[in-house]
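First chain A sits with chain B, and in the next complex the same chain sits with chain C.
Let's look at the complex of A and B:
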């Protein structure tokens, strides 16, 4: 249910059966394409660093690539490289990588900020961690590390043992610099966070207020930057990486995160997954999704209604039920580490009938319970007054900021990788993608509530399938070599639908048993960037509501 | 004024007190008030104890926790506060949003270089006496992220910790156990162990003059508070 009318004509480079004709795309760009690379997921066009904006604008306007999914920066021995992973919201399987090499001595590249708003943060991160400079980026500061940090930690010559000095600038004069907004006479600067109950973790919002209205908000992140990419680059593919995804989106969404790594690595190393394992994965992932959305709803109510109210307690109660189910399955409440490359760690718990019964009981309980949530929230007048028509995120802005997941669907963008880029067992099951045209805080909360119902549907169908599975065909893992060494310079970008949106992984293999570059495309990172669109001009409590409705989790924003 | 009219006693005798209660309650209704304790004390509303001991007892039984979420462990911490586990049963379930109202801080998650000074500041803002529960492996040693370029190798590098709860993340039961152990220690009047903290907030001007300090001199004012991380000396 897209806002725009379906386009009858095809984009440039699109074949009638929904594939991409890379030759036609290369013709479209003409002399800008210096070289073409083969990545596992898509072709990469190598372009000059000073033609980034032209190329991306052409691809966006004429070939329909309206989604800058991710920007990966990395350093090779002889050059730096930025890869812009482009996709289409209408069909995320049509992918294209734009590869921008820059010289080692002077890594300067043109910015894509003029074409995609989301590029601003992605390029700041690339500058911070790898050290590539982007000309014309309006705001090229460090984003994850403190501004006084020395060196770029993911570049080749970084010395991890050098001392660092981090300042604490708490007494900055609130009336200085950032408060000087043109045409506003009397503004006030206010710090929200990094230790604040409304910021869902350690987020720091630098806010400029005019009276009670937000004039400017600048999220300052990096208070939980745990070097996840470095950790994953140090681990071996087979077992050592899998525990980390659990800790990106730590709100019980571990199964979904594990799937993102599993999917990328399996496609990179050509590993098949038995269908039985895919069904178990699908079931586990949807349980995770419900648990994650429960917390999103619970904390959203916490932000809006104030203290630890009934809704929060309700959601925690329901999460306990789910965590019990997931614990039975995986052995852990939160950090499951249940997926393995090529399958899952172990079969369903015995006695199976008892486990199925428990899951079924939960699925039966869900619709009635969700009714109660609707009574407490969406049909509650107080709630409606508080969130309807606040935190507006128009669909075109959402696209430009690379929003995905419930945030995009709450703005009427019909995108869900489970359906558009099927993986696991999703295409065999019947369920709906929920969208809402409201574009406001209410719509985003409503989408999450309705998605839980769909997830319960999926779980129920998975249980049906699992119950009937023949006993001698329960293969939980395919045969995977003990040491995985994908071919040298094989590159892949793969995404799954995480709890917050498109959770993508870029892996470049360097021929060893560890990734040469491991990049995480975090949906919460991109969603958070759109906060300024939602908050500016709103009252400060509405900004808090907008932040709650974005459902960020700082472990995933900062990684 | 005749001498016979005796001055009223300051306190009732035990019999008087009990007779009044009986009169109020009627007979055989409830002997709650006639407990052993009541018989021992009479109606005297005084208990003699050492003030310190009393304060320790009070502190242990009424702990105001700081509402403080950092990372994964804070999710399990929320579960500990909420239904099912309900930390309030143990007199420790009133989360306060301001450090100035709290006396226990649970540190639930990885501390990274950017957050270190903030953690120190939040801890400094809490009134004495204050106690620290460090929750999860990250606050013990950096946990799974110990090798990260940005990760502080444990909360004890910055603030002193009373109780360490291991786990990644610890289950709510484990956190409750840790809090109970802390209460026990507080009631027994134990004070926080003396720890050597390598990282402190200092004024930039007080740092030893070396290459890094000279390099940053243009960016940081003399009297700005800074925290200097010497990663090479970290465990």
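Let's look at the complex of A and C:
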């Protein structure tokens, strides 16, 4: 008997050293592949609109592309185009784009909903904003804009000046039944939100109850939609886009969001980032992550306990400490705007020793504090009674719904872009990816608590590195041209590990200093879609708990 | 002499007129006294206690320790607009807050609160005192259902249904546990129950441990405390309101004075729960020192129970509706019957031997 680990089975198209052999993938798909495009992150296979399901199913079953990361839709002069960004949960660096062009006159494409559940919402968004219709999508209606909206805002022929005032008689009755449940006399339809204490913002859950049990839940989002994508398309790469990411996940996770844009744009325009700046970025990002998780834990406890208890106050107190650190660093408490393409805005605050001391004090204080959270929360029997085995999200479902971040890791999926697709300074540091096989509300909360500990470890190591950095090598920004004009038709999809999961940006350059298409893959958007899996059949309080454990931020869901 | 009798004799009135006038003025005094306690509890003590549990400061600007906030808060609450939603079922919707508030106050009619000078601070002392207290206190459930059903709001409706389910599940163990005390005392009359607890259980040198039923039967005491928590709808049993689930339950649609009445009713209800606990388990107004300190001891005891409810609110997660019903019917009811049975055996079979 050999003690060697068995050779891992390779998917079709996977080389033994973990790269992709696109030729082999093209062979697998055979005649479905009409053309092949080069994107910066991966190759794009152009396919016919009526073979979407076959191609994606083949890629999922045989080539192991089990993660539909994102769907980008856009309109060119002569055609519409949907790009399915595929990845693997096992190795997110193996990427493949499936490009589906459709005719301008009749933008109809086959739906991928039969292969990936997450496609339902992504395609709804594409239909809503761009106007591509997806045949066989079980639920193709607007998702972000009101149902009466006229036109598709990101399409070329959209008339900005057209009034959107719709007379009441033409307006769809919001109370009209839209849920799939037959109208039975023993069920009750109830609108939870958009103004409700437990919806964490302006989320509207159209819920059908049978007594106290949830029969059907349909999240209605878009109340906080600002068309951030279009706003980013109107800004110049160099400076004008960076402030926007702060406004997606505004729960002090701004640094992480900024990094997603920075990473995509830097890779698109071939900008190098000095290592010193990467260390600062890593430290700032992890501070943001702890702050975001603190709020997640605090509000989750609030949902379970039902009152503003000590846990909420403690977590807000601790988040405040981080915000002070981030304020010292960036000058801002929430909308940091600290990252720049090619580095960060400015160096660490002077006197440096004092700042390092503050950060170190926090890192030392953190483990004891987390112990207290565990005492108050996870080892509380009543709390366990409430959250254990509720809001179950099995790993297969989590994959199909494109869940990432703590939600996926709470379902036992070992995925973390910081480790799997390294960026910044993460691969130089020692830290662990936390997973939990519980698949329930408890597991997701536990993962967040443990992740904070790891983040504190990362911050501490960053401080060690920064302290020893020679004074004359502290380069905070590389030399970046004042105006960036990436090559025409250069496309990229890049993601970072945000507080909620995979935060990805797709940028297509049209040769000017502004993006031709800017698409945000929001982790909270994808995670929220899995609420129906967690909530249906459970009691209302469990649905509220599941919602709390998803940790959505409506600014990021609606963008 | 009860408070009512004292007043009528002081006024020189006799017969039915004397009873009526004495009872009326006495009720006004007791009611005012209780409402004053609720006023301190609601806008001020609750905030201060919760703040202490959660590392905050809370009100501290007006008066010593911020106690002056009661006045602006009262003005604020009363001067708010009363919004009557479309389609509410009047007058049920208007009567519900009154029922909730009055049923709780009514219970205090028979509670012996100790001596003030020569006068017993107790409005009436009927022979069925304990039964009366339980009876009027549970009228509040009717108010909750009315409020929930009449509000024409699905959240209120859910809250109303939850309130009924909860009260049914917890009132039976509550009363059964109360009955075990009655078996010990041999009377439903509250003054009698208090008097029974005055005897010494054991003498430890100069200190005499009184035969308070909490000491005689601590199991029943804890059972009663827990059931009472559900009865007054506080954490972990605050599911009829459950803000994070059903907004505010039965009181979702109430504003201004109606809201104040419901809120007030809840606080008085907590105090009534405390008063029952103090009376049947903690020796009523008994305590060390002279007899005229009785009212003070009584207040200490009911505020102790209030503190306990606020502590639970800051520390315990809310249980789910199915768990709540399960705890009530499968756990506490069985324990309450066991307690009743054992008490009956001890008192009826073993004690005479």
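One rule holds for everything that comes next: the second predicted complex is superposed on the first by the 532 of 559 C-alpha atoms of A that agree within 3 Å, B and C clash if a C-alpha of one lies under 4 Å from a C-alpha of the other, contacts with A are read in each partner's own complex, and residues count from 1 in each chain.
Heads up, the rule we're going with is that a residue touches a chain if its C-beta (ideal position, glycine included) is under 8 Å from a C-beta of that chain, and two chains touch if they have at least 3 such contacts.
Because the structure is a prediction, the values reported are computed rather than measured.
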Touching partner for A:197 - first (chain B), second (chain C), both, neither: both
Contacts of A:317 with chain B and chain C, given as first, second, both or neither: both
First (chain B), second (chain C), both or neither touched by A:405: neither
First, second, both or neither for A:333, with chain B first and chain C second: first
Contact breadth on chain A, by residue count: chain C or chain B: B
Set of chain A residues, in rising order, touched by both chain B and chain C: 196-197, 308, 312-313, 317
Complex contact set, residues of chain A against chain B: 145-150, 153, 158, 160-170, 194-197, 200-202, 222-228, 230-231, 234, 243-244, 247, 250-252, 295, 308, 312-313, 316-317, 319-320, 323, 333-335, 554-555
Chain C to chain A touching residues, read off their complex: 50, 53-56, 154-155, 158, 235-236, 238, 242-247, 313-323
Complex contact set, residues of chain B against chain A: 67-72, 74-76, 78-79, 81-84, 95, 97, 99, 109-110, 112-118, 121-122, 144-145, 147-151, 168-169, 171, 201, 204, 207, 212-213, 215-216, 219-220, 224-232
Residue ranges of chain A in contact with chain C within the complex: 188, 190, 196-198, 212, 302-310, 312-314, 317, 380, 382-383, 385-386, 539-542, 544
